[in-house]
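Below: the structure, in structure tokens.
Chain lettering (A, B, C, D and E) follows the sequence in which the chains are written, and residue indices restart at 1 in each chain.
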């Protein structure tokens, strides 16, 4: 029985539990002539949950632990002699698994029966060939010891799987039955299932924490490594970014942070006003037809791969800005510039601002609008003075999301703003950002253990801390503002 | 509770019998909400500088008619208005007219209080600000204070002018909305049950305000309280099932109505 | 796992995918998966450990580094085979409609270095046009799109063009003098490029360089030979020291700017991952990597010592210490 | 009353008509009009930007759905294919594609001769170069599948070489062919003649959607099959995980979580995760899912998980904004009739917040669908030719993804890949639209004002 | 308007003087909204199966107190409640009690009508559905119909049961909310000005309903209409500035109040 089928059995039991629990609640209530504390379906849910959750947890644990234990068991049977020089036990174990799997398939395809198998010996029969027939390719011929290990792997695995199946079904039945017995009209079934759902909700919100934890740990280790190789003071305070191959690089983060900030700023300067105006127009002014077309259409902008924007910046916008603005104004002759990347990125960010804001603007109750119109306000006054403040929390969220995306964007910057790290004010000059350098240092040619590559992790962590600071600041400002205006 | 002193009756009779210019005139006003017809050809004249009360059972179309008078129904998608309504002889449903100006001249207090999610101060200062009625801080302070005074709310909220208007009690919100409407001093004020959430004292205060406003403004008020209609209005219109049943001087309506339904309604025998 | 997993250099990727495709077509084994993600990252992945969820082969456009070998050893990856598959030529090309360029390394140093010797003086780079450097170069503004510092190509460019040029045009001497005879420091200063927007780093790939040359008609880009060969209708290649880059001139060593390409095989996986041994033998076979094979046709300069490599691969000889 | 009357009346009714606007009103109307125009301009800008991008993509990529084929009669010569004559599959399998090349060459020679379309200066290598390098592989596959047909003459429609194909799409001209070392004007001339003879034709190219990727030497054979499957698998995982988890997390944070430090930490955290560059999610995925959990390289399951983590902040932020926007009176109404908080939320608040949630999903998924950087580190930016199996097993097989294919193709030397990259973008966008159609439709149904 | 017939007075006196079990008891109830204190130690017993009226000027804390009785204030972030409130002897602010159950037993009609943005039918069927009071379509139909009947709304809306509840007139919405509350037949019904938007006839109908409900349910009603308080309630509590001024049998309160403020308030001399 595969885990999939087992899961299906548990699910079937769960569904059965649901109906049995529900029915028992109804029957008892009828017999005792009392009212149910909760809805009948809540009793069903409670029984179903008790049937499913412990069983599935057990199954998960088993699936996780079985290979580990099995591996331990079997790998002790493999003599060191069959492990190739420089190879690893784990690879031999992979072979063992593959052979065992192949034997299952052989039996399954009717090519062999169990007796044949147990009498089969690696030194006499061409096991590699037979397994190849059923589509299991092996790297080399099979050592007898490995074959024996595979056989015992197979038998232990078989027993263990059988045990697992029995245990899981027993747990499902047992807990389900206990829960079913518990069903009485006075049982607070709704609370049971709601507590459960609530813990699911809490669990879900912890995913974010876990992700952060994962990110920090996966960056921290190599960052520490980096700072052992490269002085932190230089990294944080040097204004030069100039990595070299054979050491002696200058890896100052400041020009990158500046570039990140500058490009994002330009992008938001375009995306926020335009996005907001689109949201306002679609929510307040436009007809249904335009709205139902324009909103999803503009959302496509968020789905165009960033590389397309990058090419657009590189081929169209960059040369255009150079020929029509930078050169006539004497501001430089670079076709990649902060402005190029910023503008193109701004276009990509428009839907982040427009669509989310549109939804919150749309959710402002009509009574607010009526109140304002009733005072003789024009529509735009109503929007600016009444609707926007009411929708502000959501709009701030949308803008923060857009800002976040701007900071994290790579491809557009590579192609639009260039790869040269520079501290400067001229928006028509090439600059680059932290993310660009994370990608390029990480995917480059330099050796991994060199500061030139490891700096990517330090950059990632720095950016993380930097945006964390910005977010805390934003939260603080939003709170402050809300206090003021409420 | 005795409502009308003789003197008051006298005065009312006089003002109601004054020929009085019609400030607003509705001709054959019909309203549909989608399929459903809510008003069936209402003809009604609102005399200038008087108070007109609209009465009638719940759901008969009072609010609907009131909302027609400053085209507030425009905001309801499914609502269609027929017939014509004149303000000072100009058709307010003429496509060329300026709805904003119309609403500035015909203000409204809604049935459900709807304060803006802003501070109490800003709720009131909003109107004067958009109409440019005040510019200096001190002017705004003054408008806010006098408007709140008139609505009888100032004392209760004077310490919390900068707290949100949505944190007020039901009755306070209602008075806030009244204050907000009078702060822009429109020519006509439409009030949809302005006292429904108010205690008798606050009600008296608002009624006093209405009486005062009548000097300069035209007022249309929807009310469910016969006593209130009798106390504050010079003329009364009675609606029933989307029809205007009858309209006339208030005292006549309450003493000697032409229509049986009016009679029944005001004596509480309806139904 | 049934498929061979390969990761690493984006320079080697086209060749590796040609081989993988042919391997899949001609054998019973599934087509290997070839990732691109950079040589450094590929070698790091190779050294992550032994086991099914680690890769089998790392492609690399430069030689493995000692730190990589150490990392490998630390993670139990003891035996690694080094397979040199051929050479990658690096060419300088400009827009097809522009003038012809005949460069020397010295010209490039003069054009791009931060400091050059002019009239015997060490000065900040004053040149704006090529013909200011050397009269027989075209009258064109200097604008170069060179590989960003992430690319292995940049290392070759720095070493074989800039540093050599530095020496050629005498700047190295002057710098050495300025640095009180410190050769290392002088060399480092040789490689310092001007930052006034004349030399532009490209972190992307050759297509980006091509697009930039397309948008800036006076620009000169640094390309791989195979990329150039695919775009001869758009690009005009410059000569270096009078030599036209081609598979032949590079193989013969006449054309100076080239580098070897490698892949590294984890020996521990050899008998375990089905088809791995077959794949590497297939790769270095004459049919594939020889001068008449598809790789050469695509622009890989085939290794004159291919036979040696075939021998080593057959015997699974792990690489020794780096020299 | 004095103070009220002292205020300047807004409109002096006697002197002012509704038809005439005062100075101030005029200004306000002008402002109104400006505002409205700015809004309209913004919408137009957005749509123009979209159409501009779409136009250039379509312009570059539409042609990738058509491909040029050359019809050849191949004589499956037993002397070359099966010297022993016993059709032994083992022996047949040993024969590599290199051995099939001569068959094609012979057929080409025969064709040129038979039709009498020879062109001066055309070498035999040029002639061979007109057919895709995919052809021998196709032939070999055919022979292995039908060993009995050795000895017969079979008609094949082979792909023409990318440059020949490009000639019919305007990418290659006689002038560029002069300069191009991969194609000669003679080849093009011959192609024209073959076309006149009805042997060469350009037609719709299904295999662009079904075939796997091909190496740099055969752009004409490259397809999106594996990438489409890979993207579909990943999006399935992303949708199934990120929507429920995102909505659940938002509900907890917005409706249940006590306002305290911990909630603030989570809130800032989520906002901050949105700003984490996507490649860092790749680093995370490599460290956690591959190195720690031991999941395979290049697998959609890992890609899906990484993209899920990346999409979550977007969905959470959008959902929370939507939940915030539902007026409290709705919750009170439900609680007042004895609904539990959970019921109030699931029965009343969520349906009202649905448009915002769906927007978040649409944008989040759009972003996830187009993302390459994180896939770089978990090995999905790769050359993959084998199709992944059906789910759930296929989630663990190596696969590619649409944006990866775009990214790969834009990096290749042969310009024919540029066209295919644009074609891949079209497919990606169609994929995106199909994926979002349901959400867009649902969102429209849930949208209402109150 | 004469409000009490002698018979009615008689009956009221009797029922009010019955010792009567206390259904709900508030002890030292204090409420803060952030900094601002809205209730100052209110002690009040709500007798079982009687109608208790809460009166007092706008903003005095009536709604606040009412919302304490079914912990509706929990939904306001800044609101803190002190003291204790018992329902049948159990402290409803005990952390172990189930708020949902509490609210199912103590239903509420809010001051501002807040229909769900769903159909009229669904508005009413919702409560019975989540409490499992009906399961078949016919049962739901019946609950919906009887509830609407009782709230006096059925005739007006019977043709549009499946249209949105938000499209009703103000008074209709109010009655819809009453119907929604009684559809789940809670033990205690809290009504915050249930008739504020109703015409006299509809008001009479609701008052009749309240009288009817009193047989089986305990009712607390906030009202601004002294007449209404006098008509429907057995006991009356008078609030002022967050304090409970006085509480007692309704007729005593209206004829012979102990407190000067009560006297002033009911005679309209307040302020």
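Just so it is clear, contacts are C-beta pairs under 8 Å (C-beta built on N, C-alpha and C of every residue); 3 or more make two chains touch, one makes a residue touch a chain.
This is a predicted model, so every value here is computed, not measured.
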item: Other chains in touch with both chain A and chain E; value: B, D
item: Graph distance between chain C and chain E, where chains that touch are linked; value: 2
item: Geometric centre: closest chain by C-alpha means; value: A
item: Pair of chains joined by more contacts [C-beta pairs], D-E or C-D; value: C-D
item: Chain whose Cα centroid lies at the greatest distance from that of chain B; value: C
item: Distance from chain C to chain A - Cα centre to Cα centre, in angstrom; value: 35
item: Between chain B and chain D, centroid-to-centroid distance (C-alpha), Å; value: 59
item: CA centroid of chain A to CA centroid of chain B, Å; value: 57
item: Where chain B and chain E are represented by their mean Cα positions, the distance between them in whole Å; value: 28
item: Junction residues of chain E - those touching two or more other chains; value: 100-101, 112, 130-131
item: Interface hub residues of chain D, defined as touching at least two other chains; value: 10, 28-29, 32, 340, 352, 376-377, 410, 450
item: Residue list for chain A, restricted to those that touch at least two other chains; value: 190, 311, 365-366, 376, 378, 381, 439, 442-443
item: Each pair of chains that touches, named by its two labels; value: A-B, A-C, A-D, A-E, B-D, B-E, C-D, D-E
item: Complex interface listing, chain E residues touching chain D; value: 70, 72, 75, 77, 99-101, 103-105, 107-110, 112, 114-117, 126-127, 130-131, 166, 177, 180-181, 183-184, 186
item: Chain E-touching residues of chain B, taken from the complex the two chains share; value: 1, 33, 36, 55-59, 63-64, 111-113, 156, 160, 167-172, 175, 192-193, 196-205, 224, 226, 265, 268, 270-271
item: List of chain E residues in touch with chain A within their complex; value: 98, 100-101, 130-132
item: Touching residues (chain side chain D, partner chain B) in the complex; value: 1, 3-5, 7-11, 13, 16-19, 21-22, 24-25, 28-29, 32
item: In the complex, chain A residues that touch chain C; value: 84-88, 90-92, 94-95, 137-140, 242-246, 248, 311, 314-315, 318-319, 332-336, 414-415, 418-420, 422, 429-430, 432, 436, 439-450, 452-453
